[in-house]
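Please find the structures below.
In the two complexes that follow, chain A is the common piece, with chain B as its partner first and chain C second.
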Partner chain A sequence: MNNIINFFISLTNNFKAKVGLYILFIFIITSIFAPLIIGSPSDYVGVPLQAPSTEFWFGTNGQGQDVFAQTLHGAQKTLFIAFLSGFLVVLVGAFLGGVAGYFGSRLDDVISLLINVFLLLPGLPLMVILAAWLPPGPLTIIVVLVFTGWAWHARVLRSQVMVFSNQDFVLASKVCGESSFRIIMIEILPRMLPLIASSFIGATIYGIGAQVGLEFLGLGDISQVTWGTNLYWATNDLALLTGSWWTYVPTGVSIALVSLSLTLINFGIDELANPRLISERHLSNKLDGEFDRNSVTPVRMKNNVNT
Partner chain B sequence: MSILNINNLSVEYIGDKSSTEALKNISIDVDKNQIVGIVGESGSGKSTLIKSVMRILSAPGLITSGEVIFENKDILKMSDEEIFDIRWKGISLVKQKALNSLNPVSKIGYQMSLPFRYHMGLSKAEAEQKARDLLELVNIDLIHFDSYPHELSGGMRQRVIIGMAMALQPKLIIMDEPTTALDVITEHEIIDSIRGLQKKLNFSIIFITHDLNLLLQFADKVCVLYDGELVDFGSVDEIKLGGKHKYTKKLLDSMPKINLLDKKINETNNNETKIISLENINVKYQLGSWLSPEILHAVNDVSIDLYKGKITSIIGESGSGKSTIAKVITGLEDLESGNILHFDGKEFLDIEHNLAFRKKVQMIFQDPFSALNPIHSVLHHFERPLLRFGMCSKNEIKSKTLELLEMVELNPAEEFLYKFPHEMSGGECQRVCIARALCSNPDLIIADEPTSMLDVSIRSDILNLFIKLKEEFNLSILLITHDIASASICSQDIIVLKKGKIVESGSCENIIEIPKHDYTKNLISASMDDWFKNNSKEK
Partner chain C sequence: MNKSVIYIFRRFLFYCLAGFMAITLNFLIPRLMPGDPASIMFAQFKGKLKPEALDALKETFGFADGPLLMQYFDYLKHLFRGDFGVSISYFPQPVVEVISSGLYWTLFLAGTSLIISFILGSIVGIFLAWNRDQKLDSFLIPTLSFLGAFPYFFIAMLLLYYFGFILDWFPLRHAYSQYVTPGYNLDFIISVLSHSILPAFTLIFVSLGGWMLSMRNNMISILGTEYINYAKAIGYDKKILMFRFAARNALLPSITGFGMALGFILSGALLTEIIFSYPGQGYLLLQAVRAQDFPLLQGIFLTITFSVLLSNLIVDIILLLLDPRIRK
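This part shows the complex of A and B:
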């Protein structure tokens, strides 16, 4: 537990990660409290396709609904589905990858085969077919995302667990009579925290993209308000033809901002996990940005020593 | 006439707010055709020094003062292009872990011909002819020209690397721990051939190692680095007499040497109770792919008896199966055939790797840094085994841990409770590992190369600790090592293992004084000081 707290503290010390966390924080807070401040996004509040004004900040869409309310409400469902699917993808991946990597031999053969089969399946068509076949709704989207997304993370985590499971500290735990489950959960997985965290973020970014894509194609539940359905209705109402840019730009920018924030956090994690990147940054600061990693070791004479 | 002059070289590692001085005003000069040895423990700046000379030190390293004059030019003032001209042609480098420096997927001959093609612009045929000459020079049969690196032994691969370093006839070759990964006999052969080549081709060598004894046998001058400072620099004879600095003296004293007279162990143990007995053990590994499986017979028909209150050593080079034996006893590896019997106080029983057995047999691993999980504190490493083996209740964990830490001479013990592995030195980590093994009050401790990753200056301390524990608790210890000298200091029985088979076993005195098998004789003579005088090929 200490480990996780330390990890977050060091993450907030990183500039890129800090910016990313701020953006994400704003989105999460507004999406949680949106329903308390603004009315229902499904209400028909005004004349359709009004441009942004002081009354409707982001204008109204083709049905005369408030785009601002729809963007905020959409954030709630979209982010919830994205984070939940990211979490489940990593959970399934870490479990199967961890078991395969730790126990090895036959069990590893079977799970690796399964992983390879899932990696070979073309993800996008499978996703579209599954989403069309299952009853539309948030649950379907999550199931589809987890089903098509876990294999890659299982593979990455498996190889890392494999490296650790032959190291002396794991053997030492075995000699102390620890159970395999405890060794995986307490000794090995916490050491892979940066990798797991960045897998989670990668899976979440993928989750947002894929989810919005599916709903844009009309494969989600179109009666719900999400960023995906917002875009779906915008095309249905011929937003491009009528030139009503305000019906799709706010949603698009939101998606871009959330993805950006997650990517920034991922950069921060990358630096935490790879101290070389940090040391290159420090050296570059010291040399006023004149550092080139492919060049020879820099020389900067201290005058007082040489005289 | 000196070929390389290092004057007042300082190197800093740049941090966010503060910087660490890795090298402080180092001045060394290397003459033509001279072998200069650099010795120091890990973290003393040996590798930083040679990396700065080659200017391949990566971030956050920054050279902050000094000059490195090579053939009247200052390397520190050169541009990238000028330095690329000097590397390989002027100064070449044999890196640490050279075993990994060869590309596993291309053939030896091809790899050796590359420097000729890139740096001298020779055609493929000409370059290959040069590579053949080079192989002959380093005494490798030309059959291996088309071999892949994995088909060569460790010593041969090391020769290939040294040959490549000599390809363009540089004036200076820097060798960074070139023999650390090899066993003693191969190590001596390699150094012997390096010396031969050096006499023949006339180049200078900077030889970096942590083994001062080895340096004193063949170097011309020795530098002693300690914590980034050059504490001693002198000819071999000066250093042999103790040098100027007290650290040099400590290094000289701490080298384990075969010495039966100084043996501190108490031999009055007549009560010979067997506690574990291995009968005709066989372990096989399956290598290769499943299409063409290769069977490696790691342990071949080995029988060993371990007695209560005795220290038994298993000696062998890497790949001799000594670690496998340790893993078989602790159940980390499966047996192919044979029996392990365990005396439970009344009768001998077949071994079962349950908790009761684990409580009696504990293990210490080779690398103390990887044997402790870096994300857990010292206390955590004790908490689990203490609770698991039911040694004490939850409230007593702290006091029990303190007691154990004091037992392994970690004082003051309170300070270590909440430390993490990276906050301790290698020696301290290894002591924590030893204390952890003592948690369950075991009958037998298996120590798998407990000193090989540690700096020489603390090796003998750890060995003395083993002797102390054995005397105090009547512990049995199975010490696995490649170093016959450390085995001779602290063990009563010695077993010599080669390629999975026992070649010789018996009491320590018998083995050291009247070795019967050639392999044992070689091992013993290789760890004597005068090996080069007696065995050098040039004479």
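This part shows the complex of A and C:
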């Protein structure tokens, strides 16, 4: 447990991760409190397709709704679904990858084959087929995202579990008679925290993009206000042909900002956990950046370089 | 030589299996859903088709009486004959005809932009790795990530608005102007090119960063190896070092990634086509979703899956030619 807390503390000290966390924090807070600050996003507030003004900061859309309210409200459902699907994707990925990597042999062959097939199947058409058959709604979106997203993370986590499962501490646990389930869940997975965290973030980024794409196609619940349906209505109301850029730019920029913030957090995790980057950073601090970056991984000797 | 045949054969078997899984998914998904799949699937056909014709169509998708396994074989039988059923939104055209009318546009648009962005991104990636600089890195990587964070179709919307609507440099929609006759004449070719510039630029713009970063990272790890140090010590020319020694090896993981990225980029291309009303698979996909055209949807899924599998096989063969380690 101590490890986990330490990891998060050092993450907040990393510059890239800090910027990412700030951006993400702002979006999460505003989306939570949006319903308290501004009115309902589906109300008719004024003439449709008004350009941004002091009254309506982001203008109005084709149905005379306040785009600012829609952007803030949209964040709520979109982010919730993205984080939830990110969590579930990693859960499924960690389970299947963990089982495959730990037990190996036949079971690994079958799961690996499944992983490789799912990695090849083109995501969007598969998602569209699933979503078209299921009743529209958030649950459908989550099912679809997990079904199409788990394979990549299962593959990454599998190879890491494989490395661990031959190490002494795992062999020792086996000798002590610990169950396989306990070894995977308690001994191995917590040691892979940075990898799991970055998988979770990657899956969340995927969750945002894929979700918005599906809803943009009209496969979400179009009566709800999300970032995807905002873009759906923007094209449906011919925003492109009437030149009303303000109906889709705020939503698109928000999507990109949130994805960027998550990517930055992932960079931070990488810098903290990737041994090559760690030693490079220490060496660069010590030598004022004057060393050949292109040669073999610099190795930091203990007590040799002070941090 | 024998080894390479076995390698290609194994890959081929794997792709067959993947294709088979896609077909099975296509078969199973409707049947796992709540409600009666046959009546959902053909609800739009009511009144359009005679009862006998509807029964024939149901049989195409294996909705016959009998156990699931028999239905499955029925479905496979029709599929292997190239019978994907009849499209609802383009009634009474068969699905195969509808799809093949859009396939060339998608292959043309996505194929050319993919190749351009791969080549361009890889070349820039080589230089980025060679001139590695902390300041440039700390600026460039977040910028590229930021651009990559936009959904494909959103970039498409922005480009369409600025270059199509405001500046009026490029046409707003469709693959060619309605005033030219399709064929091998200059007007038609110019029209096709000018219509494809914006959508192609969108696809290149969004995917370029990924190729740049992956090539840069491959190059950096190659540049750290002993044989490059040795070549440096010998005093080889910078250009030879960069392109002949380092880049050729660094390219291999990128080419492997090419096959993997294909499905992802194709998905983005489909959404981009929708923005530009480009008459490819993406546009058909949208029509199919709007009209609840399940036969067309399933046909598009299979077509795109098989194009991805085929391209992966081609990538494997290219890798075999490029990487002697696979042959040994």
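The working rule: the second predicted complex is superposed on the first by the 279 of 307 C-alpha atoms of A that agree within 3 Å, B and C clash if a C-alpha of one lies under 4 Å from a C-alpha of the other, contacts with A are read in each partner's own complex, and residues count from 1 in each chain.
Going forward, contacts are C-beta pairs under 8 Å (C-beta built on N, C-alpha and C of every residue); 3 or more make two chains touch, one makes a residue touch a chain.
Just so you know, these numbers come straight off a predicted model, no measurement behind them.
Set against each other, chain B and chain C differ in how many residues of chain A they touch, and the higher count belongs to C.
In the superposed model, A:S223 lies in contact with neither chain B nor chain C. When the two structures are aligned on the shared chain, A:S105 is found in touch with neither chain B nor chain C.
Of the two partner chains, neither chain B nor chain C is touched by A:T54. Shared contact residues on chain A (touching chain B in one structure, chain C in the other): 284, 293, 295-297.
Note for the complex: chain A touches chain C at residues 16, 113, 116-117, 119-126, 128-130, 132-135, 205, 209, 212-213, 216-219, 231, 234-235, 240-241, 243, 245, 248-249, 252, 255-257, 259-260, 263-264, 267, 284, 289, 293-297.
Residues 14-15, 17-18, 21-22, 25-26, 29-30, 33-34, 37, 40, 132, 134, 141-142, 145-146, 149-151, 153-154, 157-158, 160-161, 165-166, 172, 220, 223-226, 228-229, 260, 262-264, 266-268, 270-271, 274-275, 285-286, 289-290, 292, 294, 297-298, 300-301, 304-305, 308-309, 312 of chain C touch chain A in their complex. On chain B, the positions that touch chain A within their shared complex are 8, 10, 13-16, 25, 51-52, 55-66, 76-78, 80, 83, 327, 330-332, 355, 358-359, 362-363, 365-367, 370-376, 384-385, 388-389, 433, 436, 439. Every residue of chain A that touches chain B in the complex is listed here, in rising order: 3, 167-169, 171-178, 187, 190-191, 276, 278-280, 282-284, 286-287, 291, 293, 295-302, 305-306.
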